[in-house]
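Residue numbering begins at 1 within each chain, and the chains themselves are lettered A, B, C, D and E in the order written.
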Amino acid sequence: MDILNIDITVPLRSFALELALPLGTETVALVGPSGAGKSTVLRAIAGLARPSRGAITHAGETWFSSERGINLAPEDRSVGLVFQEYALFPHMSVRRNIAYGGTNRVDELLERLHLGALADARPGQLSGGERQRVALARALARDPRVLLLDEPLTALDAHTKASVRAELRELLREIQLPTLLVTHDFEDAAVLAQQVGVIVDGSLVQIDTPAALVAAPANPFVASLTGANLVEGNARAHGDLTEVILDEGTTVYSTDSGTGRVGIVIYPWEITVSAGKPDDSSLNHVTGTITSLVTIDNRVRVQVGPLTAETSLGSAERLRLKEGGQVVASFKATATRLLPLLQPPR
Amino acid sequence: MDILNIDITVPLRSFALELALPLGTETVALVGPSGAGKSTVLRAIAGLARPSRGAITHAGETWFSSERGINLAPEDRSVGLVFQEYALFPHMSVRRNIAYGGTNRVDELLERLHLGALADARPGQLSGGERQRVALARALARDPRVLLLDEPLTALDAHTKASVRAELRELLREIQLPTLLVTHDFEDAAVLAQQVGVIVDGSLVQIDTPAALVAAPANPFVASLTGANLVEGNARAHGDLTEVILDEGTTVYSTDSGTGRVGIVIYPWEITVSAGKPDDSSLNHVTGTITSLVTIDNRVRVQVGPLTAETSLGSAERLRLKEGGQVVASFKATATRLLPLLQPPR
Amino acid sequence: MTRRPLFPFSLLVATVISGAFLLLPLIAIFTRIPLSTLVDQLGNQVVLDALIVSVKTTLIAQALILLFGTPTAYLIATRQFRGRSLAITLIELPLVLPPAVAGIGLFAAFGRSGLLGSTLRVFGLELPFTQTAVVLAVAFVASPLYVRQAIASFEAVDQSLVDASRTLGASPARTFARIALPLAVGGLAAGAALAFARGLGEFGATIMFAGSFQGVTQTLPLAIYAEFENRFEVALAIGGLLVVISALLLVALKIRLPWTSSTSTSLFLSARSRSS
Amino acid sequence: MTRRPLFPFSLLVATVISGAFLLLPLIAIFTRIPLSTLVDQLGNQVVLDALIVSVKTTLIAQALILLFGTPTAYLIATRQFRGRSLAITLIELPLVLPPAVAGIGLFAAFGRSGLLGSTLRVFGLELPFTQTAVVLAVAFVASPLYVRQAIASFEAVDQSLVDASRTLGASPARTFARIALPLAVGGLAAGAALAFARGLGEFGATIMFAGSFQGVTQTLPLAIYAEFENRFEVALAIGGLLVVISALLLVALKIRLPWTSSTSTSLFLSARSRSS
Amino acid sequence: PRRTSAQIRVLAAASLTNVFPQIDSTQKYSFAGSDALAAQIRLGAPADVFASANTSIPNALYAQGFVEKPVVFTTNKLVLVVPTSNPAGIKTVFDLRQKGIKLLVGTPTVPIGIYTRTILKNLALTSVLSNVVSQETDVRQMLTKVALNEADAAFVYITDAKTVDDKVNVIRLPAWAQPPIRYGIAVLKSTQNRADAVAFINKVLAKAGQAKLRAAGFGAVKNGVTTYAGG
């Protein structure tokens, strides 16, 4: 059941943000390039930016309606907004920051977010992760009916990010509120949200589960966000398959249909690297020298021509991969997704 | 052969930075928690922070020496420093920004870093990746003999980061300069640097190749940085092995030796998840319910009790893993590294 | 190698020259005042009267400047409107008026036959030659200095903190009182110090609009003028007293509230960006 | 619901009151001046002479203020030293001096029997009653306003840009000229506008230290005083002229350099990041 | 029967600063330049009595209907003052003819300036005006500058000169050359306390008042009135 209904147009500097999004008690992540309008969505819902058209309703109550001339002030909408840089009040202690939103649940929230020991500290004395928790506690102290999180993890160190993310995931699951979460990072979106909406230049280009986005990226931005290789070429029908001549010369086949200029999307983990043409069902083979070889965790990323392949540390050692060596990168026609190139990829 | 020799003490607010580091024509990454003193190292080399003790010499030339009372001004040391937020001059065009460092190679650098089309733009009009390239070009225009990069990738969007990182890797390889690169992110360090130095509270706690850091993290911070599970327990000898009773009750075994309070480091990809006790060589088994299940790329991260395990999407589907289900997480005694707990882990 | 220190050296030279130029006259005045004369002034009835008038009117003027100038500055700082830059210029304009002309302007506006004269008379108010007139004269010449600085300080308050306050359920009034005001307080105090200094030294507009009635409108600067007729040293001594009092008050105003030191840099920085 | 608009309403009320208070006297002056008298003044030799003296001395004073005040402000803004806050207070102190006392201070420092009198005489310099004296008097009363604002503007320049300049091989002097100065220019211009306005209206210290001699030391404010007795309207008209000229100059100063608007965001961002 | 009198506001020329309170200490005085006081009166300042250092200002105000008919209540004399150190070695007014003297005079627009020019004309010394370094509007400013030894000489009223006679030497000027310097006093048309204002003026005109003025260096009015008629 949808609790929050958003259907708005917000004019921005060089384009307009247009968004229609119904939201139940789930977490929807908004991802997209810088300047796409993600923060603007949150600001419009919170009442900090005024749409030129449309309506925002929450459980039957109208927060904004251009037709009926309604525009509730931010303090009259029950939203908890966590700002990207947290926007903690520097002149107040942690406790007073939280109490600013509402005094009823301060102690409960201090405890729940493990802030008890820090209650009297000033924000300037806190680490990034602690600040993030204070910002969250403050937003929750208001007893909001909608939670809006603007890049809550961006300001964190890489080594604290994972644990804060896990805590946040727990919390979001517990509080059961309609939640919109803006992030630059697909991994964050995948961990925290049930649905991921992709906003590019003010438009929602795709919204789906994280897995579905990976399985079928609707546009080049989504593809590169999810970590895919993106190369370009010219497509034409070839029996049941589509034949694509890559710009660099190689011909590959895809089970997707398409003609003319297309983008080809292949995920690194769907590319096998071998010394010669392998004896498997892969239809596509790109031969080239290894230009780079990087170990990350227990995996090795191998750059072969325009493609990045990913292989396990074990097989990389077995194949004695090394930079400058000649290898074949193979991938199936089913793993070769085609995208129309409406706009030049960024 | 070492070109840049650093051996300095810089007093900071709550501790002193102490560093001795010889550097050849290679890239060394400095990683560490926020406030550890990483930027201070770069600032000291560039002449922007004054060490209280020690010396910095470059190919026989002394840049700083507390003994000999030498302290060259920043403009007299030949370093190219790329600032975290790039510090581009907002009132100058891209071309004039680059020419500020030196006018000889401006056109060559514009071309080499694909900035030709942007030569007349102001920094305010550039995307993060473009700014990063301008900052790099400006630093190189000075014909520096040492390159210092302070978190060059942090300000970038997740979806542009990978490609910018790859470009930077190419560039660093080409220019063959002693390079120090500060980052929060172990993956960036692994991709860009031959050696990774870990600085905690002003001290270099470990310096080694990325793979060696993963294989033998010297302290809890390094372990969590490289993505390991870190749990605590009490160890005592048990024949050839060490027996560790985890705080949560389970007993595990390690081939490392140790007694008393220890940290136990296990990488997610070294933990296998199965429905019952597996029939393999794993000595350690932790039974628990799945509290979280997240798909990232083609891998699934499974949280079982205190441990995060990583498994392939295929096997997760095969095992029909779902949240709340009972599973056994198994890992070998050789994959169970022990760390002394000198300081409480952060 | 010899050329390098030229720049810091010339900075230092310029600073020494500026400092000497600004301080020498102050120091020189004190060399002319016998210390005993200075101390004696505290027992001089004219001086005591003038001191009381000065302190009273300057404090009231300061209160009015804060009371009306602060909301004015907040409005101008937080609203975008056409002619905003013109509005700021108009606020600066009173500074340019020679003091006597300012006094005439006050007369022409608030005097008996001034623009508002008949309106004020309806309320039984006659302002010229009253202590109220001193207050108005001081407020008129001093408030531009405060308002201008206050605008800059409010502009410097991080907008996201204001937004955060609103989304946390605080009304604009509460946001102003609990967020904008405490965060701008350092800059406001600096502006108030400038205005206070200017107000305490105010002479020309006061003598014109308020006259120089001992015990009523004769402030310290007016008493100095009156004493020139009498005893030259006494006049100078009162001047010295004024400088000492002001210096003490300015230093006292500089003692910032505890948290402002940590935020002062950021206030400054963000101030620039918006103003430029 | 009826209580909500109270706050914006009271802001508006306060602003209207402040605005009216500051502008009414200005407007009232103009209502007293027959337009023809105002225009006629441009043909009055006394006024023309005074205008030339005013413009000349104010411009020279302004040039000196910029020349010495800018490095002074840069030094104070970029160096941390003990007593820094005291130094800023000392710079503000001349504002508090009643004009006649300021004039006496200038005599006591730079007059022929002043502290530096004999030194200056060695160089054949006798300052009182010369155009140089006007320049010094104007500089003395106006420079605190500029220097104070300039300190704030230089403090606001992102330190990392200054550091970047140095690591790119630029000397401190080049860094100042190419980076700090262009980036602070908006704030410097605002400070210069304040100082300029104050200097143009300066009366008390000038008439004391420089006297009033038509064509040499008689500035517009001094001409206004000379005309009070005879022709009140003429005096007012000169005042009106002064206001119009200053308003035009202030508005002209507000026209900012082209890039400053585009840099605002990036400055803002880097500013924030430093503060957090 | 005497009614209780209200305090009145007296706007008086700065040179009267010391003497008026001696004549009547119960009133409220504001002392400033006569021209500034005139400006205040023209602008409708709420006051009762105006005492000017000349007669032309009160006469002009009378003609414009701001004050009642003024009467002369005292006179003054011009003197030359030089610093006690007297660096230019001025002994008599004729020494002003030396080149390079720093001489201060009032501007031709204020009474002191007019009187100074008259006396110089009478003495056939108008050439000394080439030594003028500043034309001042305020007698006290001139005195201050001479007292500070920053100017070599200035023409001022004898009454002002007396107040700083420890800092300046007073050089008297020939009586025959003195222009008539008469002080006018009048009741403001707008006064609410005409009776008290008239009473104050009468006090100034009365014997005791005149004695105080003479003690301060002012001159007696020949054939002067002793009661104020106004009108």
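Please note the rule applied: a contact is a pair of C-beta atoms (placed from the backbone, for glycine too) under 8 Å apart; a residue touches a chain by one contact, two chains touch by 3 or more.
None of the values given here were measured: they were computed from a predicted structure.
Chemist: Hop across touching chains from chain B and tell me the fewest hops that reach chain E.
Modeler: 2
Chemist: Which neighbours does chain D have in common with chain E?
Modeler: Correct list: C.
Chemist: Average the CA atoms of each chain to get its centre, and name the chain whose centre is farthest from that of chain B.
Modeler: Result for max centroid distance from chain B is chain E.
Chemist: Let me have the rounded angstrom distance from the C-alpha centre of chain A over to the C-alpha centre of chain D, please.
Modeler: 53
Chemist: Just give me the whole-number Å value for how far the CA centre of chain A lies from that of chain E.
Modeler: The separation of the two C-alpha centroids amounts to 87 Å.
Chemist: So the centre of each chain is just the mean of its C-alpha atoms; given that, what is the distance between chain C and chain E in Å?
Modeler: Centre-to-centre distance between chain C and chain E: 35 Å.
Chemist: Provide the list of chain A residues touching at least two other chains, using ranges where the numbers run on.
Modeler: 73, 85
Chemist: At least two other chains touched by the same residue of chain C: list those residues.
Modeler: 4, 100, 104, 108, 114, 158, 171, 225, 228, 263 - these are the residues of chain C that touch more than one other chain.
Chemist: Out of chain E, which residues touch more than one other chain, so two or more?
Modeler: 36, 39, 144, in rising order.
Chemist: Quick check on the complex: what are the chain C residues that touch chain A?
Modeler: Chain C residues touching chain A: 158, 160-161, 163-171, 178-179, 182-183, 259, 262-263.
Chemist: How about chain A: which of its residues touch chain B in the complex?
Modeler: So the residues of chain A in touch with chain B come to 33-34, 127-128, 157-160, 162, 166, 169, 184-187, 190-191, 210-211, 214, 221, 224-227, 267, 269-270, 292, 294-298, 303, 346.
Chemist: Touching residues of chain E toward chain C in the complex: what are they?
Modeler: The contact residues of chain E facing chain C are 9, 11, 14-15, 17-18, 28-32, 36, 39-40, 43-47, 140, 143-144, 147, 160, 163-164, 167, 190.
Chemist: For the complex, give me every residue of chain E touching chain D.
Modeler: 34-36, 38-39, 42, 57, 102, 104, 107, 109-111, 132-138, 141, 144-145, 148-151
Chemist: Can you tell me which positions in chain D touch chain C when the two form their complex?
Modeler: Result: residues 4, 6-8, 10-12, 14-15, 17-19, 21-29, 31-32, 67-72, 74-76, 85-102, 104-106, 108-110, 114-116, 136, 139-140, 143-145, 147-148, 152-153, 155-158, 171-173, 176, 184, 186-187, 190, 193-194, 197-198, 200-204, 220-221, 224-225, 228, 235-236, 239, 242-243, 246-247, 250-251, 254, 256, 260-261, 263-265, 267-268, 270-272, 274-276 of chain D touch chain C.
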